Each structure stands twice: as structure tokens, then as C-alpha cells.
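Common to both upcoming complexes is chain A, partnered first by chain B, then by chain C.
Then we have the complex of A and B:
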């Protein structure tokens, strides 16, 4: 049995060894504050524009920055998860770069300026501050990803197809085939999503009254 | 009675008509691409489109670049959009069984406005260990304890697969081989071998009339089957497949049968009279033709396209068999997406056998993949049907969406109808059976789509149940 198990793992490992290259951004610092009505954060990251992302943007196709956050209070309280995304574009004819969050678009002159902008994201709204009343301590964690062409959501259909490729069907029977190799290699390698996302950066537990107050700061 | 008459006169023909119309339903759609690309749209710059310079592949060690390139519809000079790249990614993902994942990115091309597309391939190992579970229309649920598949690398390579299966009514081994082993256009050959021990279910009156009265009881009988198929095949447009070949099978039924509930054994002489003559050790040899056209966008969760198969068998004593008979089966399903993983689907399936058909090659209807709301095989008398038709419609709605993936939980409403008949007996609408109901499908990682359907009979059945709950793998069709 042990021999069979070892054989299965060895057979699967070559697949995991050939997993796509990992170029993950790193969150260096995060700061939360409020203007009294909204809880905001500023984020400092590095490694946002890998060669792959830079190539895609410079070719004229978009890349997408996604910021994932999870805020929860201690004990039984609120738990909020959300995503903010920004589209990175380059007009190859006009030689203009732009960063858009869907509502507003900022034009920039160079890819270095674009890198600088998305490495220092500021004034990102998380939740209405009033939801943190009651003095309960809370924690927030962040993870960031930059994907070429479309966000992580865009590749999920295809990911699901891989996952479900084992449906076999004849006229009088159907079978769900589980590929043991894929299962094992998934256990030994990061998923596509995890491979492109930064590690979670966690802000230690804080009470609402301890949150820094900056009146009128929401830009 | 009135309820049954209305259903038989109006609903069943309507289902039949709908399914017939569906035979000519639209070709393969781009369901996956639609959801994922519409938000980002085209990479247009002041009305000017980006054009493809070239495609480069990285990470492919086993699969040749030619094979991957051959799968692409995107050609140099074509307009490059997010949708086109999503489609190209699917083309490559489907192109070879060893492609496990594809990551797409782009680089500036040689000239302004041109784009180089880079596709980073993750490959699988050639030997795939498998496990799984399935459902056979007649023999019910089974577990694939262990399976092994050897996958082709080049288009001329063979693919072979073997598996050991254990189920409630089925135990055995099967293996198949095909060359070429990939979904390439052109000719090839294949073989399939199987050895099964199966438990055949049938419904009939108790062999002890003083105990069981006229109630229909469930009985089981063991059968050993071993067979071999050798065929030539031709694939066209990746969606259509023709096979023609020889088929030989030996069937050896047990001389006893047992009551499914009490386990009491009875000798073969106690079988219903209609079965007594039909059940015997037999060898079947003959020719088989099959055509399959599959334009579904996704096999496991179709929202566009159709599936049609036609199978013809001519069995003869010339090849050493004991029986002379013919058999024809037709199955078609259509899928109409109505947006956001909602769809209306329909099905028509029919089959007919000639006189001389051995008992175990006859038809048995009722159950999850036949007419829901009735027990498995319960709508067929003990001697089996000589012909049948089934028709159904189903409306699928997401209950718990999962972004651009298929819903985590899907609800469905269905109506099924069908009829089996015996040669020589008049075919009337009074023997049409129908049921309606609802169901759920849960999408689980690695286990696929599992669920239940609850069917309420709209006409009389054999077991007089008010409703029937069925377990299901995937959708019924």
C-alpha cells in the first residue's frame, strides 16, 4: 500500500514541478484610518509589475490589480470580505498609460509612474465606520494580485473546466472520474489563484476608538 | 383518469415535438467566453484595434508546439481582444489531454499595434491514476475502485484505459484502447473489452401467489457478461464521430433469482412465464455503427449546443453468435441558455429492436435518467420492452451563483414522459407514462455535480408511489 502511495505521489510530482512561474507581489505596509464616516486604508506594496504584467500592459492589453480584504470583529460580530480592482492600460498609439478603478481614470506618462501609483494605493474605502461601534476590537487583512488581461474571476470558468474534465458519458451510463494525479499535485502546489496573490498582510487587532482620525481624508 | 388522458394527449406529444425541433439547434457557443470577457471588452485605442503578430508557447515539454498551434483559431493578423484570447485559451486547454492549465499574457509585437501572445502551458503526466463513481441506467450506482489511463502525446499515439468497478448491482473490469487517442480529425481504430457480473432487476408477481397476491415485487438475478468490440472510427470537426465495427458478447445468466426485499432464492422455473423462455446462456455477434455529434459548449454544464447520437446494430449467426436481431437507438438533447447560467433543455430518446432480440438486450424504462418519478426500470414488464421513446424538458436556474463559474447550487424543474411497447401489441396513448418535479444540483470540488430529483408521477406506475426521490450524477441529460 505504501509502495502504491509513493508511486502515486512520484507520478504526480512532475506535474506540480511544471507549475507556472510564480511572480507574487508583496504587501509591505498597511495603514487604516477614518474620516468619521468611512474606514479607509493605505497600502504599500512591491513587486506589482512583473515582466509578464509589464509586457501585457505595454502591448496595449489591460492588466488588473485586485485588492482582497477581510475585516472581522472579535467574537460574534461583523465579518466583511471585499475586492477592489483597478485596470491598467496603455494606449500604444498615444503613448499614454492609465489606471482606472471603474469610476475614475488617471492618466500617467510612464510605466514607472504606473508602478509607483499602484504600489502606493491610498484612500481605499473598506466599510462604514459606524459598523464598528460597540467598542469591539477588530482585525483587517489584505492580499493583492496583479493578473494580465482579466482579474482572477476571469479565469475561473476555465479553472472549473479543468476541475471537471473527468466526466465520462456513454448512452447508458455516466461516470465522474477523479484524476488522482491532479488531486495529489494540487495538494503539493499552490492553486493558480494563490500563486498570483500576495501573502495575507494582517493588521493587528484594534479597537474602533484607537483608529487614527483624519478629517476630510478620502481622496 | 382525466388527468392521465390530458397528459397523454397533450403534454407528451408537445414534449416530443419540442425535442424534434431541437434536433436542428444551434452550433457550439462561447458560453465560457461571454461572461468572462464582456466587462473588459476589446482593447481598442481610438477606434484602432490591436492585431496578432505571433503566438509563442512555453512550458510544453511533451506536447509539440505544432499540436498546440493547430488548436488555435487565432491567426497572425487577426484582431486581438480579451474575448479572443479567452477563446484561444480554451482551445488550447481542450486541445490535448495532457494540457492541465494555460496562462495567457501578451508582449508588444514587432510593429506598432501588433501583439505577441504568450501561452504558458502546464502539462500532466502521461500515466493518470483514476478513481470515481458512476451510474448505469440498468445496473445503478458503481464505484471505480482503481483506474489507469495512459495518455497520448503525439496525435498518432494510442490512448488506453482500464478500470475495476464495484457497485450495488455491478462488479467487473473494462478496458479500452483507441488510436489516435486524441480529438483529431481523421480515421483511426479502437477496441473495448469488458467482463462484468451484474445483478438484473425486474418487477413481477410473487412466485408464491398465496403470499404476494398480485403485488409487483422487485427481484434480482445475477448475470455474467464478457464482450469485445473492435471498430474503425472517423472524427470530423472535433464534434462528430463515426464508428463501425464488430461486437461479440457472451451472456451467462444465473439459474436462480431472488426477492430483493427478503433475499429468498427461487429456481429459474419460478420466473414469470414471459421470461422463462427468454433467459438462457447466449452469444451475440454482429456489426455496430454509431454516430455522435456533440456541439455542447461544456459537457458537464451545457448552456448551448446539442448532443445527438445514432446507434445501429445488426447481429448475425455468421460470426458465431446464437441470435439474429437488429437494434436502433436515437438520442438527442438541446440546450438553450437564457443568460446567467439559466437554461431550458430538452431531450428525445428512442430505441427499437427486432424479433429475436435476447432478453438482456431489450429495453427497460423508468428512473433518474429515463422517466423520473418512477422506480428504476419499473415501467417495463418482466419480459422487457421491444421499443421505447422518452422525452423531457428541464428548466435550470442558479440558486447560489458562483461568479463566472457554474452556480454552486442549481435548482431545476422538469417534466418527463415516455412509453415502452411490446411487438405485436397495439401502441396506444394509454401506456404513456409521465411525471413532473423539481431537483437540485450541488457543485462540489473534484466530485462534480451531485444532486437529487423529486418526481411526482402524473400517470400510473408499477409501484404506486406518490413521489420518488432519485440521486443523480450531473444532470439527467
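Then we have the complex of A and C:
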């Protein structure tokens, strides 16, 4: 019974590494501006690091913050969708937190400081400002998500459970059954992704010339 | 609701009913496992373990810095000259593993392709260094003590080996690298603590999804079970209900008058017996029906024979008397007329005799006496009858004859006589009839066969030989075999004709004797 129970748990792993909807972050404010060449935004959010995500990060597993944006102009204009992501890490040996966007890594001393940092994301580039031509009004909307155990980390935990339960060597038929579960679970993964994200935060339609200009403000 | 549907539903219910208690038990076990594994005390213990491990590592680092600095302070030359003492200083921390130092000339060119951090390239070809690093990645860390700023500190990414690289000694022109391995047991245990903490944290994140997914997996497994059960139940119910459905359909057909219907299902057990019983019942019903029909026909024929005998018999006497009177009144004057009268009278007498014989046979056929069954030996009866026929070779084999059983001996004698007469009558002139009589048993019946060496019966006539007034024999009335069949029917038996070399008649008589209560015989 224990083995079967563990098998059932393993089947659920790929599908369950998502935050429940009740712990979704909320975007409180968004501000767009330009330095003349790039359209930037600053975002203020809350509920970014739930207890579960904090526990995950403090155990040394990385979490990922994903910012989804969709910009479009009125009529037959442009429509741009994009994602920015940051990985949150904690070095359990050095007791140091870090936030990385892939290019740069910022080290932080506490989880509270990390929460504060990702709750106030600044200088996020959206599109070249020159693309907003012709005075067409445009609209931008944002959604943010904090996903623990995405990708390889989920597999790492899965491996740990398999090893702990001692089922890695005795799979076969159970794996076949559970692969079906994976397959069906993946069919619903899109809606699950949407469930772990914040509601879309929309900025009212504005004309390019109305965008606030802050020279040199891109960091 | 059909039996099939009921069986399928029953099987599905029996298969799926345990799913409810099983799901409750498994769900409860999973809840308990989660509660135990994800309890605050477990997480707290793991965090505490990580904290202790971290502090221990930092203490080892500090200790290593101090010991490495001592070596540095004593000078490279002293270290070279007192290797054993230096190594014992480096290894003096009981919580650390093997320790030592590597000194190599500073002018050795560094290996830029080694991928080692800056400053360590010239150690790449050193055997001791290679065995220490063993292909692991090296990361540089900041010194803990300000006094250690003059050295650079490295660790393998798994914290298994600590290194301290000191500046080049200008007097000896050598580089000094002090190393110390960390206690492997500590590394292993600390790694296990971190891994477990990460596993528990991961489980906490997945908890809700896991619970839902458990239900999902459970449903998948049970859906497969339900599907298998459904098809198995379908097969079983088909096998079980098919004969029953066929029975129901066949019964309807029998009720509609079709006595030829039979069920081909080869089901075993009780269903098979039921099917066999049904088939036997319908066969018996069919036989009864045929016998009844035959008896009814026979009764009609007998009535007809009685009427015919009466109609023919009545004018025969006046005709004979008239002819006699014509003879008596002839005075003998005309010889030619006298001859004609004599010849005509003879012909009329012969025809009247023939007609009287016919009337006698008709009367016998019409006045079939009632059955008087008594236990007797059919074999002996046949032998007795055969002994009366010298004009034919009759071989009666009584080895298979049944024991005495009830039958009407007079009527059965007439049956055997008629069969012998029929065989002899069918022989071509100059050919002596050879007749074989045999006996066997078939279940509850005695079987009597009479086989001759004659030309047999034309295939087209096989179905009609027992019909009254059907005869291909010259001078035959067609009543002999009809009478035979009538007698056999009265005994509750059957008779069949076939060709086996010559003609063969097979009679089956119930050993229990004719059923006196058989309503089919009443009124005949």
C-alpha cells in the first residue's frame, strides 16, 4: 500500500509544482515611462513570497518570478507579448540570498529584503519606444507569478522522494499507469499555470506622447 | 432489464464498491503521511540541522585559515625542511581530514586550459593537487579573518576540500598551497540534511496538488479496472445469457408451432443441461405431434376402408347369384354361347373372389383390434414366425434381443408377417428371398430390424411406403405396411424404412410397453 501510495504521489509531481490560487500574488501598481529610447515599467506587488515559497527558497531550492506583459495599440497597430523572469536563490552554506535576471545577480542578506526587492520591480524594459509611432494610443497589462520548483527542481524533489521511498528500482507497470496521469495532467497544465498567476493588471490606454519621460532611468 | 444488463451492473458494482473504503483508507494514510512529514517539528529540526552544519563549516574554515596562516608564518623554507611537523599542524583540527601543503616553483607556467581559478593554474599538473580536486569545480571565498587577507581561499563546490594559496615567496621563488579535506562524514550528513529539507519544502509546495492528483491517479486506475470489469462482465454475461436468450426465442417459436427449432449453444453445466433438456423436449413434442398426425390419418384411412369394404361387399353377392342364375338357365343349345358364358362366368367369379379378398383386407385394416399387451419375448416371436416361411431364407439373430417386455403378441406377429410378406413379394421371380432379422437396444427402446436382399425401395417412395393404398407390388393392396405402421404407433413406437443393400425396416418399441393412458390412442 505504501509503495502504491508513493507511486501515486510521484505521478502527481509534475502537475503539482504550482502555487494554489489562494496564494496568488497581486499587482498593486504599475508605472510606465521612457528614457526616450526604451519603454520601461515599475511594478509594485504584494503576496510575492508566501510561506510555502519562503520555505522552498530557504531550503536552498530556487524559485522563479515571472512577469508576463502584453502591450497593444489601438486598431491595427502592434501587439507584443513578453516574459521577464528572475530566479530567487539562497546559499544555505553562506547564508546569502540572491536575485538574478540571468545577466546580473544581486545578493541580499535576508528573505525580507528579497521579498521587498521583488515586490518593487523597477526598470523593466518592455519595447523600444520608437515602435509606438503614429500617436496611436496603447494599452499594457501585466501579470506576475512566483513559481517554486519549476523545471529541474521539481525533478530533483521527485528524485528525492523516489530514493526515499525506494521505488526507483521497482517501477515498470506503475510507471506506465502514472505516465498516463502525467499525460492527462499536462493537458490541464495551461489552466494550472493561469491559476498560479496574478490577475491581469491593466494600464489605461495612453498616447505615446503622454508617457512620462525620465532621462537615464533604466536601473 | 435483461439478464445481461443485470449481470454487467452487478459485476461493475462488485468491482467498484471496494473503491470507496479503499480510497478513504488510502486518503487517510496520505493525510497522515503529509501531517507527519510536513509538521513544523520536522521542518524545524531540519532547519536546525542546516544551521548547525553551516556553523560547523564556518568553524572549520576559520580553523583552516588559522592553521594555514601558521604554516605561512613559519616560512616556506621551514615548511620544506619540516614537512611532517607542518602537516601535523595543518591536520591538528580533529574535525578535519587529511591536510598538507604543496610547494612548486613559481616559474612554472600556469595551465590556462585547466579551467582553474586565476593563480591555481601552475598547480594543475601536480599529482597531489589533481587527486585532491578530482575534477571538481573550485570556487573562491572571502577570508573570515582580516589577518588572512594576504592569502586567497578556495573550496571545491561540495566543500570537501579547502585550499589556501599564499603569495610567491621571493626568497625561494616558490608558491605555497595549503590544503585540508573536510571530514567526509560531515559533508555527507550535511548534504543529506539539505537534501531532505529541500524535499520536505518541495512536498509542502506540492501538497495540495498532490492530494488532488492522488484522486486523479486513483480514478485512472479504477477507470481501467472498471473498463476491464465491464468487458469481462460483458463476455461472461454474454456466455451466460446467450443460451437463455436463445431458449426464450426458441420457446416462442415452439409456441408458434415450429417444432423443428433446436438450440445449438454448447454451454456447459446447468445451462447446458437446460438446453439439452429443451432440445429433447421439443424433439419429443415433435415426435408426439407426428405420431398424433399419423394416427389421425390412419383413423381416417380406416374409416375410409370400412366404408369401401361395405360398399364393395354389398353388390358382390347379387352379382355372383346373377351369374350363377345365368349359368343355370342356359339350356345348352348354342355351344358357342355356352363357351362364352362359361368363360365369362369364370372371369366374373375370379374378380369377385379378388374383390372379396380386398374387402376382407379392408375390413381387417378397418377393424384394428384394441391392444392387449402382455410381457413376451419379441425374439422368440420373430423366430416362431420365421419358422413358418419355407419359401425364404430367414435368419433371426436373437443375440441382441431384449428381455420380455409388454406388447400385443398377435398384432406384433401380424407386423412381422407383413414385413416378411412385403420382402418376399418384392423379390424378382426365381429369386429366393433372404431376410435377416436383428435386435439391438437404444436407451429405453427395443430395436428390431428386418433387412432383405431385394431391389430396395425407390428413393422417391421412401416417404410414402406406409401410406394406405400405396403399393408398387403387383396385386398388392397397399394396406400391409400401413397396418404395420398403425400397430407400431399403437405400441407407442416408430418405424422407418431405408435402403441398405435391400430394403430395411427399423422398428423401435418402448421397453416400458405401450402407454395405456396415451390419449393419442383413444377412439382409434
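Rule of thumb we're sticking to: the second predicted complex is superposed on the first by the 157 of 219 C-alpha atoms of A that agree within 3 Å, B and C clash if a C-alpha of one lies under 4 Å from a C-alpha of the other, contacts with A are read in each partner's own complex, and residues count from 1 in each chain.
Criterion: a residue touches a chain if its C-beta (ideal position, glycine included) is under 8 Å from a C-beta of that chain, and two chains touch if they have at least 3 such contacts.
Everything quoted here is computed from the prediction, not taken from an experiment.
> Is A:95 touching the first partner chain B, the second partner chain C, both, or neither of them?
Only chain C; A:95 stays clear of chain B.
> Touching A:125, do we find chain B (first), chain C (second), both, or neither?
A:125 sits against neither chain B nor chain C.
> Would you mind checking which one, chain B or chain C, touches more residues on chain A?
Looking at chain B versus chain C, the one contacting more residues of chain A is B.
> Applying the touch criterion given at the start, work out whether A:205 contacts chain B, chain C, both or neither, answering first, second, both or neither.
Neither partner.
> Return first, second, both or neither, reflecting whether A:87 touches chain B, chain C, both chains, or no partner chain.
First partner only, chain B.
> With both complexes superposed on chain A, which partner does A:55 reach: first (chain B), second (chain C), both or neither?
After superposing on A, A:55 lies in contact with both chain B and chain C.
> Does the superposition put A:148 against chain B (first), chain C (second), both, or neither?
Both chain B and chain C are touched by A:148.
> Between chain B (first) and chain C (second), which does A:44 come into contact with in this model arrangement: first, second, both, or neither?
So A:44 meets neither chain B nor chain C here.
> On chain A, which stretch or stretches are contacted by chain B in one complex as well as by chain C in the other?
Comparing the two interfaces on chain A, one with chain B and one with chain C, the shared residues are 8, 11-12, 15, 18-20, 52-53, 55-56, 58-61, 92-94, 148-149, 153-154, 156-157, 160-161, 164, 177-178, 180-181.
> For a test of understanding, state which residues of chain C touch chain A in their complex under the given definition.
Against chain A, the touching part of chain C is residues 26, 29-30, 33, 43, 46-47, 50, 54, 57, 141, 159, 194-206, 208-210, 212-214, 216-218, 220-221, 224.
> Would you tell me which residues of chain A are touching chain B in their complex?
By the definition above, chain A touches chain B via 8, 11-12, 14-15, 18-21, 52-53, 55-56, 58-62, 64, 87, 91-94, 148-150, 153-164, 166-169, 171-183, 192.
> In their complex, what parts of chain B are in touch with chain A?
For chain B paired with chain A, touching residues are 32, 35-37, 39-40, 43, 45-46, 48, 50, 59, 61, 80, 82, 85-86, 89-90, 93, 100-109, 112-113, 115-116, 118, 120, 122-125, 127-138, 144, 147, 298-301, 309, 311, 329, 331, 369, 402-406, 445-449, 473-474.
> Under the stated contact criterion, what part of chain A meets chain C in this complex?
Counting only chain A, the residues touching chain C are 1-2, 4-5, 7-9, 11-13, 15-20, 52-53, 55-56, 58-61, 92-95, 148-149, 153-154, 156-157, 160-161, 164, 177-178, 180-181, 184-185.
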